[in-house]
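Read the structure below first, then the notes.
In order of appearance the chains are A, B and C, and numbering begins at 1 in each one.
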């Protein structure tokens, strides 16, 4: 039954865990974006071996479940004595670092595909016109390709960003206790069927809703010419 | 008495009997939910059949109760709602009996109680902790329990201990060791053992049978058990079957059958087969 | 129990988990396909509702998308499975049944995956629609094409073309979300790997094996999507340079 003291206690514990969720999420999305930019560039570079590496990266990190990736990065790497003796060990020893690294690598693969799709969606006519005006190289990218691609990437990008918030629920595999994992832990300890999950669900919903709203705002801000459409 | 009131009384009685009969379910089949991933309590063999200590106990006990028992596989996340929804009638999954859990469901009498033990690297100073081979019961011997706790807290100061989440070991560590040592909680014991071997944690606290099984493998030759075995107190009275509170009659039936199975040594037989020790509570 | 080497554990012999893992992989594939299909239907409905300009439809579509994007997937599959099972059981009891009547796990799992996927697919379809050059839509109207004809010949092919990379991503997501079906008791690939890992105490072997099978499924579906993309974008410059 709805015992308010119990619900409040769950809520407080979950809010503490929210810090884990949000920090893993924010860092992995942020660093993932840079990795993704690199991978997208490699994939479109035209140099076959470089392209092949990028495609292999996307294949592995999109194809394998994040759970398996977390397992391999945290438990798999540490099982090799050569890794434990290396200069990376102080970094890899820590669960938070491994979890963030693994999530960043995973989201980078998805983000890279989003970037690729957005770049492909830039109307070729616009690029031709820009070239006819004498634009090339970085100026062409900065003033024509990037803004258009950015706008087109936003819907899919917001999807990926919100997906990552929920994906962080897997980090309990590597001893980090995020909101969902703590909720499930409370559930196991008390055997209360739904209440911890409902509280967790509410927290995730609010966070995701805020993120979605921010993206909608950015989208509208970047598309003044489209605003009249759906009025 | 007048005719009317006799008739009235008879009607009322028969209605009560009917009502009673309707609420007392006629248990012909009982569905039991297990994970099948929790060796040796229950595990799945490659053909998909669930085997282990708990299936053996279940079949034995159900035969005594003259009911047909069906075991179905369910992952842990779906176990609790499944019980409440009626998908199965019993949960048997190495579930420890705790007061907290008793608020939501009923437990049968405990059918196994494995003492807890600690393990660490042979090279660690912890390996020399006194009390190896002894069994300390926090309920029955409060003085020894307090002394053991003090020496444990002293030895584990500043160290990292690994436990499995939502177990009595996690509760014990959280209650008594959290302020002196770092506690890392793992979803499964296999993963925690991996971290012990890679040096991320200094010690593990778990079922003594699990520790022994882990130490028996080739890659664990640098590790050893240390300190006394522990039971009682936070470690509870053991594992039991979980049933809905509404099915008190079924719980009573199981209790009777379990007690009978203990009395003639059947459960001890299964325990020796799967745990290699006698886990009678 | 005697510990088995990883080759035996994964093999097809008596103690090998090979067949079980392959069965799990097939189940994963089927649930994902069914889920994606349901998601496509729901997603295009929601995208259409948002683009149509009708306020109420847009509001409903937006609420659906917001709810199922915002909620954790575990909650969604609970509601779908236990909710529909409770409804079915209630109906059954009305007719004198006893006990629990569960909705088939596959249906509940596919529906859950589909409902979640649909909320994401809506955004992909919407973005793809907005990427169509306005000139083309105006030209279609100017030429006198009716709603259905312009949809069939102009809008749908182009939406598909622009949506494919996004859909490729969402297919991968559906493939991973399919592991939710384990809540209904069915053992798809991820759950089978975990059961095997827990029963044999060989987590590394089975996590990697499960991962490899997921990669195999990905490899096949990547080919399919590449083929689809090549066909859909023929005649179109691939990447702006």
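Quick note on the criterion: a contact is a pair of C-beta atoms (placed from the backbone, for glycine too) under 8 Å apart; a residue touches a chain by one contact, two chains touch by 3 or more.
Remember, predicted model here, so these are calculated numbers, not experimental data.
Among the remaining chains, B is positioned farthest from chain A, on the basis of C-alpha centroids.
Two chain pairs, A-B and A-C, are weighed by contacting C-beta pairs, with A-C ahead.
Taking each chain's centre as the average of its CA atoms, chain B and chain C sit 37 Å apart. We define each chain's centre as the mean of its Cα atoms; on that basis chain A and chain B are separated by 39 Å. Per-chain CA centroids place chain A at a distance of 19 Å from chain C.
Shown for chain C are the residues that touch two or more other chains, namely 74, 78, 203-204. Residue positions 77, 81, 191, 194 of chain B each touch two or more of the other chains. Residue positions of chain A touching 2 or more other chains: 71, 75, 79, 194. On the side of chain A, the complex with chain C involves touching residues 44, 59-60, 62-69, 71-72, 75-76, 79, 110, 113-114, 116-117, 119-124, 126-127, 145, 149, 152, 154-156, 158-160, 162-163, 166, 169, 180, 194, 197-198, 200-201, 204-209, 212, 226, 229-231. Of all residues in chain C, only 50-51, 53, 58, 66-67, 69-75, 78, 120, 123-124, 126-127, 130-131, 133, 162, 164-166, 168-170, 172-173, 176, 179, 190, 203-204, 207-208, 210-211, 214-215, 217-219, 222, 233, 236-241 touch chain A in the complex they form. Residue ranges of chain A in contact with chain B, taken from their complex: 71, 75, 78-79, 84, 93, 95, 172-173, 175, 177, 184-185, 187-194.
Across the complex, chain C meets chain B through its residues 1, 3, 14-17, 19-20, 74, 78, 81-82, 85-86, 89, 99-100, 102, 182-185, 187, 191, 194-204. For chain B in complex with chain C, the residues that touch the partner chain are 35-39, 43-46, 48, 72-75, 77-78, 81-82, 85-87, 188, 190-191, 194, 213, 217.
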